[in-house]
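Same chain, two partners: subunit A is paired with subunit B first, then with subunit C.
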Partner chain A sequence: MTTAAPPQPLTVQGLTKSFDAKTVLNGVDLVVEPGTVLGLLGANGSGKTTLLKCVLGLLRPTDGSALVMGDNAWDLSAHTKASLGYVPQEVSSYPWMRVRQAIDYTAAFYPSWNHGLVADLCERWRLPLEERTGVLSVGQLQSLGIVLALGHEPSLLILDEPVASLDPLARRAFLRTLLDILESEDRTVIFSTHITSDLERVASQVAILREGQITYHGGLDQLKDQVKRLRITAKAPLPPAFAVPGALRTRIDGATATAAVSAFDPAVVDNLRHTWDVDVDVTDLNLEEIFVELHGG
Partner chain B sequence: MTPRTQQAFNAYLTQRWARPALLAVGVAYLLGMGIGLSQSPVSIHPPLFVGLLGGVVLVVAVWVTGTAKWQFVHPRARMTPGFSGPHLGAAAAWLAVGTIVYPLSLSLVLTASVPALLAYSLAVGALQVWGMHANRMLISPLTIALFMAPNVPQTAPFWTDNTPTLFTAQCGLIAVSLLALAAWLWRLPRLTEESGDYLIPAHAQSGKASRMEKSEARRNMARHFSRSGFFLSVSDRWHDPLARHQASSTAQRQRLLRYGFSAAPIAMRSLGVLLMLLLITGTNAAVSGNDSPLGLVISGIMVLFLGASLTSSRMAMRQPRMQTELLLPLSRADWVTGLFRVCARDTVALTAVAGGALAAWIFLLAPAATDTINARQALAFTAAALAALVAGFATSMQAGLITSGIKRATVLMLGLYAVIVACGVSAGLSFWASPVYGLAVAAALLVAGLLLLRRAHRNWLNAELG
Partner chain C sequence: MSHPPEIFDIRPSAGPPIYRQLIDQARALIAGGRLKPGDYLPGVRRVAKYADVNPMTVSKAYAQLESDGVVERVPGQGMQVCAPRTTGSLAQRRAQFRAAAQPAFHHAHQLGLSPDDIRRVLDDLLKEYQP
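== the complex of A and B ==
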């Protein structure tokens, strides 16, 4: 007797979302395999939060579909939600509740809750359990939001800029916690962040959202293999017509030029050397530099 | 007018509805004045007094206070050089238009004493401004009592007659009210975060408030709660048992949702509503006498309005938290149904307490008011009241989807007025025609209420809460 394969954590097909006349997401396709840590990158206003909210059923897609663990995102079952954790960009809590009461309130809903993990996280992030959540700082509120999302040990964790308001210590503690969580192969994490160094530490895959579409989705290492910077040095000033095939941009400054390429091919480098009699230096880029180059910075 | 001053004035008209509303009101006013000036002066009837003057003053006071608080309860009020002058000037000017210029213009077409008109408008305006500014429960019933005072036979002469004694008293009231308004304008630029009245409208938690405004509203609410030790201990005693709670069924999870609405359990909130109702009814009775049916009807209407407006504003204020609540282990349908059930239970409890108190008041202190009602009529009235409760609840749940405070209040008022009119028609038919006709209207109101409730439920199911 064969058992059915568990459904994919996330399958998005042709997802489109418009607000009045403005189209924010324009035919997004994305499949996330179990055990993936997917970093979602995009410029401000590219639609990252909108995509995450459509996937969670907080916004209704204009077209296309999103399935979370096999359920239609707009109509997630209680069982699916019990395996789902979400930290929004703006954490909102119950101002009159003490921190411990807010935690107890959330915990009471779930069939299983790891009180030990929660206590450990509260201690790591120095959350004041007796304070009313209304007087917490933005960073403390964000920490509380993360605790509430992790307490039931979800198999799919979705984080929308979770560390934006955390101090460096809290950020490190969060990344450490995330790495601990990721030791379990069943866990899938999707998080959007502008802090690319954090993504590089934990993400195995990256999806880049640009103008409402996913322009890249794949391994972080593959992305780094594809996007490179070339520094070209010639013996004489380079002509204005000098161009690197497939370059995102080329800057010529006398006898030197720099170019960023999105699909690095060693044959192109060899061709440049032979055709223009130049030295070509190939530089690896970190994720932040890749992001800047891909967005025309 | 300097550009800065002009901007300060325009800040009152930045909302999309403000300019068309002002235009419509202006046209109506000019038409009315044109007609009034072409006729002989009209002697003022109390309901006209209250409606033409009191209503406008209240709206202006709410509008100006709300806008001024938004401007001054913000770091920019302290950090921006030259901020206070133009903004205080604009607030003072708009208040002057509503409480001085407008009543003076009415005096041209009405046979009313000018000091009386000014005393009334300035007193109502000052009470409403301070009530909103300080967010103190005790001021609201005073404002309502003063607002209704021209309608009450015992106090109406103060606002319509013209004698030397009354003139002195009216001038005294004008002076006190002007001082109160000046004190408010003096207070605004001196607010600091530690001040007890450093509050911005509660609806900043919902709607299109900015991140900072929501953060400020959250802190102010927490500060507001922490002022009362008794209240906090009640809140803690209600929430602490959550540590030992683990829901194991959908119904149990739905019941848990009641904690996310309010800091206090329904018993405490019912007590608060009861106290407010007793204050209002007591004030009415003290002014007009226990046996005044009008006072009791007003109290009955307050019961309906209170329950419905509390429900809708609580749903609206909960919306920012719904983006995470929607992901609790409940299906969307079960979560929405759970919220409806909690709200329904609370509304019934609040209405039962308030309605019971009102009934006790009638039977113990004002039995004469019920002498002319027989058992069948009483049954028809009760049926109408229950139908009104259902329709009022449905209206409030529908309005709770609206995050803008003003839009929500407008929809709620229009809906509840329709319910009250239907209820009034039912009661009138029961009293003057036959209880059977009254029951028929009540049944129709109940059906309409149930249909609206179903629609509200569907709208919540389809709402985008992200």
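== the complex of A and C ==
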């Protein structure tokens, strides 16, 4: 017996979005498999929010397509909408509503609202249920937004900078919850961030958005295995002709040089040792360092 | 015996990928005798919870250790440390050691050590080494 494959959570092809003369997304291609935790990494203004809004059907693409669970993002079916969860960058709520009322109000839209999960999250994040949402701190408002997005247990959860306004403790609490909900089933999570240390804990995949295009998409582990820094030490000053094959950039300073490579190959290192009679140290880079190297240092 | 997740020291923001930190640390703990043959690695979920990392990453490390023959999956029990064993022909094992030792020789050359100096260091190392 064969079972139908679950629909692809996200298939983006040639997605372009311009605002008047300004092109923000310039041919984005991105396919996300079920059960993936994808960290969307990009500098400020790289188009992360625009991409997520196109995927959610909140913005209409200028060109190209975005399919969410097989549905055109601009024309989502009620069923697909019910399996989507979204936390915007800035959570807004009716300021006169109490937290409890805001939750009940949202719950009323969904036939399958998990009241137990929501009560649990509110307790863990110490959300003041009787407080009016208008007086909540930014962090509390963000937590409320996440609770509201998780209540119907979406199969695709999209978070736009979910932790940017949270303090370190609240961020850690949020990451734990994210890890908790990942354990249960094949849920796909896409979250944009520029906080690389959070991404390193939870993401299985990374997509790097730069100048409106995806410049890397793949496993976080593979990325860390591929991008390395080489420290080269020679006995005499290195000649100007010295170069590391495939380097993003090479900086020579007398008898030492540093180079960052995006596709580490031990054979290249051996070759350097033998060709130039140098000592080569290979350093692992963390995601923040990789991000900086890939953006030209 | 079974070990607590605290035997691992995971740094998500360090350079090496988390799965490789786990593999390297497990191997080092075994080499150093802190994990003995027959011992169990801490469970995947406990490690993930303790370190606040994705459990899939821990599973990936354990699967790699299993396919490398370092641990063995015991159904219902977990990952058990295997007794050390030699695989491959003597020639293959020599080649493996040769590959591991080669960078050290290059380093010695950089330091300006003569072949005799290198031999002396090697002899000392062999005398001191106790598995």
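The rule is short, and it goes like this: the second predicted complex is superposed on the first by the 291 of 297 C-alpha atoms of A that agree within 3 Å, B and C clash if a C-alpha of one lies under 4 Å from a C-alpha of the other, contacts with A are read in each partner's own complex, and residues count from 1 in each chain.
In this section, a residue touches a chain if its C-beta (ideal position, glycine included) is under 8 Å from a C-beta of that chain, and two chains touch if they have at least 3 such contacts.
Quick caveat: nothing in here was measured; it's all calculated off a predicted structure.
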{"item": "First, second, both or neither for A:Lys81, with subunit B first and subunit C second", "value": "first"}
{"item": "Subunit B versus subunit C as contact partner of A:Leu175, first or second or both or neither", "value": "second"}
{"item": "Subunit B versus subunit C as contact partner of A:Arg251, first or second or both or neither", "value": "neither"}
{"item": "First (subunit B), second (subunit C), both or neither touched by A:Glu200", "value": "second"}
{"item": "Contacts of A:Phe109 with subunit B and subunit C, given as first, second, both or neither", "value": "first"}
{"item": "Which superposed partner A:Val37 touches (first subunit B, second subunit C, both, neither)", "value": "second"}
{"item": "Subunit A: partner with more touched residues, subunit B or subunit C", "value": "B"}
{"item": "Subunit C-contacting residues of subunit A that also contact subunit B", "value": "none"}
{"item": "Subunit C to subunit A touching residues, read off their complex", "value": "12-20, 45, 48-49, 52-57, 60, 106-107, 110"}
{"item": "Contact footprint of subunit B on subunit A as seen in their complex", "value": "53, 56-60, 74-79, 81-82, 84, 86, 88, 90-98, 100-101, 104-111, 113, 132-135, 138, 145, 148"}
{"item": "Residue ranges of subunit A in contact with subunit C within the complex", "value": "37, 172, 175-176, 179, 182-183, 196-197, 200-204, 220-221, 224-225, 233, 235, 273, 279, 283-289"}
{"item": "Complex interface listing, subunit B residues touching subunit A", "value": "211, 214-215, 218-219, 221-223, 225-226, 235-236, 239-240, 242-243, 245-248, 250, 253, 256, 259-260, 262-263, 320-321, 323-324, 326-332, 334, 462, 464-466"}
